[in-house]
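Two complexes follow with chain A in common, the first pairing it with chain B and the second with chain C.
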Partner chain A sequence: MSDTAVAPTTESPAVAIKKVRKKRPIGFYIAASWIGLVLFLGLFGWILPTPKWDASFFDSLGVGPFSKGHILGTTQDGYDEFAGLVNGARISIFVSFIAVTVGGGIGSFIGITSAYFRGTYDKIVVTFFNILLSIPNLVLSLALLSVLAYSDENHPSSTNRRVVVLIISLIVVIIPILGRIGRGATLQWSSREFVLASKSMGTKDFMIIRKHVLPNVAPALLAIGFLAIGSVIIVEGSLAILGIGVPGGASWGSMLANGRGNLEFSPWEVYCPALCIAFTVISCNWFGDYVRTALDQREAKI
Partner chain B sequence: MSPLLKLEDLNVSFATPRGDLRAVKNVNIELNQGESLGVVGESGSGKTVLSRATMGLLPSTATRTGKILYKGEDISQLPRDEVRQLWGTGMAMIFQDPMTALNPVRRIGTQLTESLTVRLGMNKKDAREKAIELMKRVRIPDPEGMLRKFPYQLSGGMRQRIMIAIAVSCSPEMLFADEPTTALDVTVQAQVLELLTELRKEFNMGMILVTHDLGVVAGHTDKIAVMYAGDVVEYAPTRQLFNNMKMPYTEALLKSIPRLETPTGTRLPVIEGRLPDPTKNEPGCSFANRCPYATDKCRTETPPLTDGGNQHFYRCWFPIGGGK
Partner chain C sequence: METLLMLLRRLFGMALVVVIATFLLSCLMWLLPGDPALLLAPGTPAGALQAIRHQVGLDRGVFGYYWKWLTDMLHGDFGQYYLNGGTRSVTEVIKRTLPVSMQLIVYAQVVALTFSIPLGLLTAYKEGSRFDRWTSSVLFTLVSFPAFALALIMSLIFAVKLGWVDPIGYVKPSEDLFKHLKLMILPVASLAVGLTSSYTRLLRNDVIATLKEDYVTMAASKGISNKRVLWKHVFRPSSTTLLTSAALNMGGLIGGTIIVETIFVIPGIGYEIFYSIGARQIIAMQTLIALVSFAYVFFNTTVDLITNITDPRTRERRV
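So, the complex of A and B:
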C-alpha cells in the first residue's frame, strides 16, 4: 500500500494511508479476525487451559454449554466440545494449508508453463485438467481413500496414513482448479507486449515467467487459493460425514459426523463444529475477495 | 565488408483457417553499420511482421523462409538458444506502445537493470549505476528517484524513453524501432526521434524505423522502403525517394499528410479502398484497384521490382515521371 501513498503529492503519506484504510469493508475485519482466531487456536491452542480433547469425562456426559469445567459442554460420550474445536482447528489448518499450497503449487506451475509454452504440452495439460475436473470431487476422494487407506476391524490403517491419503486426495482436487486459473491468467498476461519486450532483450523463458508473468498472475491465484481453502474444509467435512475423514472425531468434520446422532439430546455437538466450518469458509471467501481487489489496484490505475 | 543486415527473399506467412496469409513477400533489404532504414506503409502492410521476423520474434503459427544475414552470417536457421544470444546484445527492439511494453507491477529500476544483470552479468551496484547513466543519456530528470517508481507514475514520453534506455542497455548493433512515436503526442514525437538518431550516431547502430508516417522518416533515415500488402513497392535512398518518387502509392501516402498551407476546411486527401485480401494470391499489381493511373496491364500482370538506377527500386509498370 505504500505505493498508493506516493501518488498524491499534496498530502503527507500518512494521510493517504489512512484514506486507503478507511475504504476497507467491515467484512474484511470480521473475516480477518476470525481467520486470526482459528490460526491462533490451531497453532497455539495447546497453551490454553482446556481439558484433554481425546479423554472422556465420565462424571459429566452430555452437559450443556457454560457448565463448570466445560465451557461449550461435552458430548454424550463425555468429550469436551471446546477442546475438540481447538484440536479440530489444528487439523483443519494443517490439512487445508498443505493441500492448497502443494496442490496449488503443482497446479499453477503446470498451468502457467502450459499457457506460456503452448503447443502439444498445453493440449495434454488441458485434457488432463478436464479429466480431473470431470470426476466429482467427493467420488475421487472416496475412491482414493478407500483404496489407499482401507480400514476395517481386521485391517486397521493408522491415523497418519489416513490423513496423508486424505491430503493427497484433496491435492488432486485442487490441482486442476488452480491450474486452470493459472493457465487462464497466463494466457492473458504472456501475450502482453512487455513479455515480448523482455524476450527481445534475450531473457530466458523461465526468468520471464518468474519475473514478468508470475507477479501478474499471483493475485488471481491467491484469491482462488483462499477460496480453495474454504472448499477444502467443506470437502473434508463431507468426507467425515461419509465416515472416511480424519478418524476419531479429531477434525471439525468428524466431530459433526459423530454428533449428528445426538442432535435431539445435545444439539451443541452439531452446532459448534458446523458454525466453525461455516465461519471459516465464509471468512476465507471474503478474505480472498479482498486480497484480489487490493492487489488489483495497481493495474486499475494504468 | 559485409553489411550489418541483409534480408534475402524473406517471406513470412501465417496459417489461418482461411488459408495461408502472406504477410511479407520476397523482401530484399540491406543495411550498413550506423545507417538507418525507414519502413513505411499503412496498417496491415507487413511492416511490424517484417521487423519481428528479422529478429525471430514471430508467434509459432508463422512460417518464415529466406535468408537473414547478420554480419554475413545466416541467422534464420539458427536454433532458438543461439538466436537468443543475439537478442539484446546484437539486436534490440523498441515497441509501439510504451503503456503495455513495461510490466505494470515491477519498478522501473528492476526492469531497467534486468537485462544488465541477466545478459551482461553485472552485479546489482554496477547495474544500478549503469541504469542511472542510461537514464541520464535518454534525458530523464531525477534518474535516482525514477528507479523506485512504477510505470503508471510516468507519462507516455517518459515510458518510451525508459523503453529506449532498456533497448540500448546492452549496446546492440542493430535497433528495431517499431512505430516508436505512434502512441506519443506530437510535441514528444520529435524529441524521441531526435534522441533515437542521436543514440544511433553515438553507438554507430544500424536502425530500422518502422512507421506509417512519411514525415517521421524524412529527417531521420538514410534509406526508405515503402511497403504495400507485404511487398516492398519502392526502395531508395531517402533524398532520392522524396525528390523523384516513382511509385503512385508513395505519392498517395505523401499527399495524405495534412499540411499547414492548405486552407481551413479543405478535405484531407485519402487513399480510397482497402488492402487486398492477403489470403488470396491474385495476379496483377496489388495496388491496382486503388491506383489513379491503373490500366488493364496493372490488373493482370504483376510488376517486378525494377532497378531505376541510383539505387532506386520500384514495383510499377507506369512509374511517375516515366521509366529510367
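So, the complex of A and C:
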C-alpha cells in the first residue's frame, strides 16, 4: 500500500473503490463465473434440453460420462447425472439463500441491537450465542432435524416438512455466526463520534442504527454472509451423507450420499456432486474474501 | 485476588452455558411425538415401561427429568442405552469410543501443525513472492474444501482406484500399529487439510506483523542468522493465535469428526452421537452432546484464561 499512501486526501471512497477494482485477482473472476453458472442453472436450468432429473432410464443404467443423451452419465439406478446436478443447484440456491438471509437477518438484528444498547440485554444475547456456538453446527442441526422432522410408521413426516425443518435448523446454525460478527462490528462503530453527535441531537435509537451503524457494519456482514452460504452448503451435504438431508436424492448432498455405495462402479456419481459442492463453497469464500478486502482498503484510505 | 475473581466468574459462565444448552436439549426431546419411554425402548411391555420411565425420570416432567439427568451426571452415572430389550451403560460406550476419536483428532492436529508451522513462517518471510502467492492461494482454496468431499474423493482415488489403503475400517494401535496407522491416513488427511490451511494463514499473518517489530530488525542487524531470527525471535511471539486456535479446535473437532467417522466407519464418539440420535437414545444423546459442548466450552475458557494470565497485553486490551 506504500505507493498509494500519498494519494490526495480529497479522493472520494467511490474513486478508491474503482481503483481497487482494477486489480481484481484472477480467483475473483473464476469464483464469480462459477457462482454465475450455478445461479443460471438453478434459476433457468429447466430451459436446457436435459432429461428429467427424477425419471429413471432403464435402458441406460450406470453409463459413463459423455455417453449419448447423458452428458455426465447416469447413476446405477438410471438417473441422469447432469439433470440431477441442475436440479441440485436449484435446491442448494433455495435452501442456502433462505437460510442465510433469514438467519443472517435475525442474527445481525440481535447482534447489532445488543451491541448498541448493551446492558442486561447484551449479556443475555452473548450467553445465548455462546450456547448455540458450544454445540457443533452439525450436531445442533442433526438434533433439531431428528426431533422436529421425526418420522416413523405411526408418525409419518412429509417431504415438505423435512425441507422446512432442514432450513430452520440451518437458520439456527447461522444466527450466532452472523450475530457475533454484527455485534463485534457494532461495538466498534457505536462508540464513534458521529454516533455520539447524532445521539446528542436527540435522534431516535433505531434511526441511528439504520442511518449510522448499519451502513458501516453491512460490509463485514456481507463478507461473512458469503462464507455462511458456503457453510450452509457444507452442513446440508454432511446431513445428507448422514442420511437426513433433502430427501429423494434431490440436493447435491443427497446425490453424493446415494452415490457413495456405488463408488467402485460409477465414481462419477460421487465426484460430480462432490466437485460441485466444493467449487461452490470455494467460490463463495473467494467472493466473500474479495468483498472483505475491497472494503477494507476503503476503510484504510479514509 | 482479581485473577481469582475473574476465574470464578468465568467458571460460572462456563457452567451456565453447558447447563442451559443441555436443558434446551431436554426440552427438545419433550417435543418428540408419542411416549418418550416407548421411543427409548420400543417393544417393551407396559410394566417394564413404567420402570424405565421411573429410572430415567420421565415421570417427573421436563424440569424433574432434567434435574435427575444433571444430578446423575454429576454423580458419575452417565445413563443407559435401551436397546433390544437390554441396557448398555453410556460410560462404557464413552470409554470405548472417546480414545478412538482422540487418536483421530490428535493425529490430525499433529499433522496440521507440522505442515503449517514451516509453511506459515516461510510464506510470511517471503511475503509477496511467487511462492507466497501460490501457497496462499492453494491453501485458501483447500480451507474451504468440505471435509466430506475430500474424504470421498480421496477414498475414490487412493482406496478404490489405486488400492493403496483400505477404504474403511479401524484397527486398535495395540493390536497392529502399522495397520492402524495405514487405516488412519485417509481420515486424518481429510481432517488435516482444512486445519493446515487455516493454521498456516493464521501464523503467516502474525509472523508478518512480528517481522515489522524493531527488535527483529535489531536481532538481524546484530548478525544473527535469518533462520535463528525466524525460529527464536519471530516464531515464539507469533505463535499465540495459532496455539489458541489449535486448542479451540480440540473441542470443535469432536463434533467435526462425525462425518469423517461415518464415511470411514470408525467407531468414535462422533459416530456414536449420530447413532444415538438416529436410534432416539435420548439419554445417551444428551450425555454425549453435553460432553462435546463441555469440551468445547472448557477448551475455550481455559485457553482464554491462559492467554489472559500469561500475556499481559491481552489483559490491558480487554480493560
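Here, the second predicted complex is superposed on the first by the 275 of 302 C-alpha atoms of A that agree within 3 Å, B and C clash if a C-alpha of one lies under 4 Å from a C-alpha of the other, contacts with A are read in each partner's own complex, and residues count from 1 in each chain.
Heads up, the rule we're going with is that a contact is a pair of C-beta atoms (placed from the backbone, for glycine too) under 8 Å apart; a residue touches a chain by one contact, two chains touch by 3 or more.
Note that the structure is predicted; figures quoted are calculated from it, not measured.
Overlaying the two complexes via chain A leaves chain B and chain C side by side, clear of any clash. Contacts of A:124 after superposition on the shared chain: neither chain B nor chain C is touched. Judged by the touch definition given at the top, the superposed model places A:43 against neither chain B nor chain C. In the superposed model, A:216 makes contact with chain B only, not with chain C. Which of chain B and chain C touches more residues of chain A: that partner is C. Of the two partner chains, chain B is the only one touched by A:192; chain C is not. Using the contact criterion defined above for the overlaid structures, shared-chain residue A:203 touches chain B, although it does not reach chain C. When the two complexes are overlaid on their common chain A, residue A:146 makes contact with chain C while staying clear of chain B.
With chain A as the corner point and C-alpha centres for all three chains, the angle toward chain B and chain C works out to 90 degrees, nearest 10.
After superposing the two complexes on chain A, the closest approach between C-alpha atoms of chain B and chain C comes to 10 Å. Taken together, the two complexes place no residue of chain A in contact with both chain B and chain C. Looking at the complex, you find that chain B touches chain A at residues 55, 57, 60, 84-89, 91-93, 95-97, 99-106, 110, 114-115, 118-119, 150-153, 163, 166-167, 169-170. Those residues of chain C lying in contact with chain A across their complex are 13, 16-18, 20-21, 24-25, 28-29, 31-34, 137, 140-141, 143-146, 148-150, 152-153, 155-156, 160-161, 167, 252, 254-256, 258-259, 262-263, 273-274, 277-278, 280, 285, 289, 292-293, 296-297, 300. By the touch criterion given at the top, residues 3, 6-7, 118-119, 192-194, 196-204, 207, 211-212, 215-216, 298-299, 301-302 of chain A touch chain B in their complex.
Considering their complex, residues 27, 127, 130-131, 133-139, 142-144, 146-148, 150, 154-155, 230, 233-234, 237-238, 241-243, 256, 260, 263-264, 267, 270-271, 274-275, 277-278, 281-282, 284-286, 289 of chain A touch chain C.
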